[in-house]
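In the two assemblies presented below, chain A is common to both, partnered first by chain B and then by chain C.
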Partner chain A sequence: MIGKEKIEYRQFAILVLLFTIGTSIIIAPNMLAAYAQQDAWISALLGLGVGLFIVWCYSVMGRYYKELTLIEAIHASFGNYLGFVIALIFSGFALILSSLVLSNIGTFVSTRLLVGTPLDAIEYIFVITVVIAVRLGIETLARSSEFMIPMFTFLFFILTFAVLPQIDWDNIKPFFEHDMKQIMQSSYGFISFPFGELLLFLMLTPYIAKQKNITRGYMIGALIGGLVLFVITLVSILSLGGHGTAIHTYPAFAIAKKIDMGGVIQRIEVIMAGIWMFSIFTKLSLCVYVTALCLKQLFRLRDMNCLTLPIALILIPLSQWLSPNATDFQTLTQRGMMYFTYGVMLIPFLTTGLLFLKRKWMKNKNQS
Partner chain B sequence: MRKRKLLMVVLLTMALMLTGCWSRRELNEIGLVIGLGVDKVGDEYIVSTQVVDPSEIASSKGGSGRAPVVTYKTTDKTLISAVRKLTSVTPRKLYLPHLRMFIIGETVAREGVAPVLDVLSRDHELRTDFYVIMTKGSKAHEVLSMVTPLEKVPSTYLYTMLKHTEKYWSPFSTLKIDQLDNEISSSGKETVMSAVATKGSIKEGQQKKNAENISIKNYLQYTDLGVFRQDKLIGFLNETEASGYRYVVNEIKDTVIEMPCNKTHKDVTELIHPKTIVKGKVVNHKPSIHVQVKAEANVAELQCQTNLLDRNVIKTLEKKTQKEIKGQITSALQKIQKEYHSDIFGFGEKIHQTNPREWKKFEKNWSDVFSKMPVQVSVKVEIRNFGKVNQSTPNLK
Partner chain C sequence: MWQSVLISIVAIGVAFFEIPRLKKMKYTKEIWFFSLFLLLATAANILKFLHF
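Moving on, here comes the complex of A and B:
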């Protein structure tokens, strides 16, 4: 059963938007350029297309589940025992995703902004804020993200326009130098992260006030989020070059550092970092919220708030264990997470298929 | 309830006071590094670090007579440890983000600059807005210890000098670290770097009285453009060739062109808004390049008797300017293609951008292909204005 909390589809779209942008905004250009170099923007468009299709599938499934969350739907289709195992995998996915998001922001802040401050201190502060947000519930989270959107938009446009003087169109040429295989290789990562991860929202669809608007909210959020990522990737390639984008760990931060408008407006990269602070905060809060919701429904608990603190406490060691160093994070962890995401993405499809057959079977049985 | 509100207020006020950075550094504890120089002796780097003494720069009364900057010299196998080693000689922790000049000694440039560049792009403190130059004939620490007139800090002197010469005089160009990194790693564009030389006696130039004379005998000057292949210096371009180079890469913003009008005298035009378009094409597996320069010009100085209201005179001046520019470009092309075989013009990038497939074949032995590649140069100059008067100053001859 779902409580009384309700969110508008517009708020849902904003949550999807900020979740999509989330951590991707700082590392997606780098991931995309790793294989395709200056052709990364093609990979981004390709990934966006496939990603939107997957998101559309999610939204259709969300409508099909009606007032069920994904966990409840899994229980309904797979039965108690198998359902429990699959739901556990899904909850694990949400937990690991939260820890990776945390390690991402933690590493970013501790290597670029507050060098010398221990990682733990940064992560604790971030996690405490997130726990407060999660305990206040999804309605508060949705409303606060609505509040962040104007600031986010403003900063994003400033960033994009301020970088324009640094742009060199020759950086993006030649088009299609890399063959389809390399371009696709870059897209794989982009499809799973962030679009594949949007399946976490199947836990939140029952909260939407008007069910028929699920598709609209899902699609608008993912589309705008994807376009923002595309623009950032394009701008990174244009100003840093394909090779430059591939070697910088955080290309978005690197281009923010290059901002220099007439020698007057410069050194504003920390203000620009506000962009991803907003989006990463929202993404992490949603991840933690979904993890707590999953565990609550998995173990049939009455209250969810008792879970937030333990989850938060697990997150910090887990994040440092999963990405012990910068090299591992950029190679093993990202790659492993990609396969894991693709695996988990099968769950809703299987669940829906089984549920569909089951409902049909029940109907036939009732009729006969 | 009121108690709770009060508690909140107290807590929030306390939070305000608790702010601060974990690794904060007060302004009077840090030494602002404004210039770095690298030389090499044996297998050790000599790092010269120029640190500003803020009280000498800021004071309006002329300060206490100490030098406004100090240049430290430390020796180590790596750059970062040489800079860290400095803490044993200086009372202040060095602070790098305000770096203006990075000066590479000629010896290091000949051996390869890649090893000294890594720390510049890796260290989190450094920004990318400083200039990279090299020395010619002298050592980096000598350049950094010259006393300079007009500008108290030698690094700032070099920085603004390069910035202005790039804008108003053709041969020298600024170079930033990210561009340098890109050019070293790219196979279709090699690097050039402005080279600074010390004129006069270095020993006297290091004395404080060097800046006390009205006519300066010992000074710093940009003299050449160093040509690199990958990360190694292979030679220099003189001023004329360097200008030719900068026309091709479309970097010239404003410059003057001298041309002879009779045996002893010269006319001068000033170029405004020159624009170069380089087009690459591959026909029958043979690459070729077309360089098109278009510029507007004004008459800047006339030494011969001329009537500027005559259209033919203007036409002749235009033709002569075109010929002069073309000559500069050709001399640069000749020297590079015949002698250095290093594609500093970025022709390879152009071929890469227009014919990526063909480029794959050329890439391996590009410097050979480049050296034999035909380059067509066309220059078009239009004179717009002739200044305040329409005739040259009359003489009685």
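Moving on, here comes the complex of A and C:
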């Protein structure tokens, strides 16, 4: 059972928004352009449509579970033994996702911002902040992200408008040069990467004060997050070109480097890196929080805070084993994680189906 | 090599930080799970530092 902590649906929407943007803002343009080149914006739109439909399904399920988190719903529908195995897979997914988020920020900072600093130093320091945030609880996390959002919006608009002088409309032409198959191949990754992962929020839906606002919070967050990703993809294709976007490891950082306003304001990419610092911090904190909550409910413990420090310590070796460097991440880990996400995305659908049938049978039994 | 000693000291520090708090509330099961996870995490960190 969940304690007294409650969040508003607006705070929930902000958490969903920052979770959608975090890490995908630096990787998604590259991932989308890998197959579709200059048509990546079409696959972004396609992915956004399908992703929003999946998020809508999640929100309906979250409303159906009412006071139950996903782990409790799995226990209620699959029973104790099979439920334990499925919940263990879900917890493993949350743990692996958090370690990959950590590896993203670690590689990004150690190759672009603090060149020469060991990866370990960056990851340990980042994890300490996350542990502090997670131990303070979901309410504090939600309020701090609410505080971050004006700064985030300001930086995002500066980034978008300052790049406008650099864009060249010839970069995006010709439309539909790649056939539908390649465009869809790009959008598979985009569906699973920010939108499929939002199923972690099914663990947090019981925290929302008014249950009927779950759909609104989920949809607003995912829609704005998806639009931000779409705009970033479009701007990077327009300014770097389709091939340029595909070969840069971090296209958003590359376009921030190109900002040059009248020769006076330039090289402001580190300030722009604030955007992804905030969002990745929120995403990692949420992932660690959900992992701890999963393990707590899986083993039926009474205290969650005691698990945060061991989880945080285990993240660092896991992140370096799963993706040793950025190239490895792009070629192998990202693809493996995509299939894993698609597999895990089936869990809430199966759980809801079984729970629906079970509740119906119980009703019929009581009537007869 | 020396990092594995350091991470062991950190783990002992974490244990001293958490266990008295759990002991005061008489959460025996939590102490066992916490110790198990901490042991796993420390072992993983030492393996990483030994370039396993």
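Definition applied: the second predicted complex is superposed on the first by the 368 of 368 C-alpha atoms of A that agree within 3 Å, B and C clash if a C-alpha of one lies under 4 Å from a C-alpha of the other, contacts with A are read in each partner's own complex, and residues count from 1 in each chain.
Throughout what follows, a residue touches a chain if its C-beta (ideal position, glycine included) is under 8 Å from a C-beta of that chain, and two chains touch if they have at least 3 such contacts.
None of these values were measured; they are calculated from a predicted model.
Looking at the shared chain after the overlay, A:F299 reaches chain C, while chain B stays out of its contact range. After overlaying the two complexes on the shared chain, residue contacts for A:G49 are found with neither chain B nor chain C.
Number of chain A residues touched is higher for B, counting chain B against chain C. By the touch criterion defined above, A:L318 reaches chain C but does not reach chain B.
Judged by the touch definition given at the top, the superposed model places A:L309 against chain C, while chain B stays out of reach. By the touch criterion stated above, A:P165 is placed in contact with neither chain B nor chain C. In the overlay built on the shared chain, the residue A:G353 is in contact with neither chain B nor chain C. Across the complex, chain C is touched by residues 295, 299, 301-303, 306-307, 309-311, 313-314, 316-318, 320-321 of chain A. Within the complex, the chain A residues that touch chain B are 111-112, 114-118, 121, 170, 173-174, 176-177, 240-241, 243-244, 257-258, 260, 266-267. Of all the residues in chain C, the ones that touch chain A in their complex are 7, 10-11, 14, 17-18, 21-22, 25, 27, 29-30, 33-34, 37-38, 40-42, 44-45, 47-48.
Only residues 21-23, 124, 127-129, 178, 181-182, 185-186, 349, 352-356 of chain B touch chain A when the two sit together in their complex.
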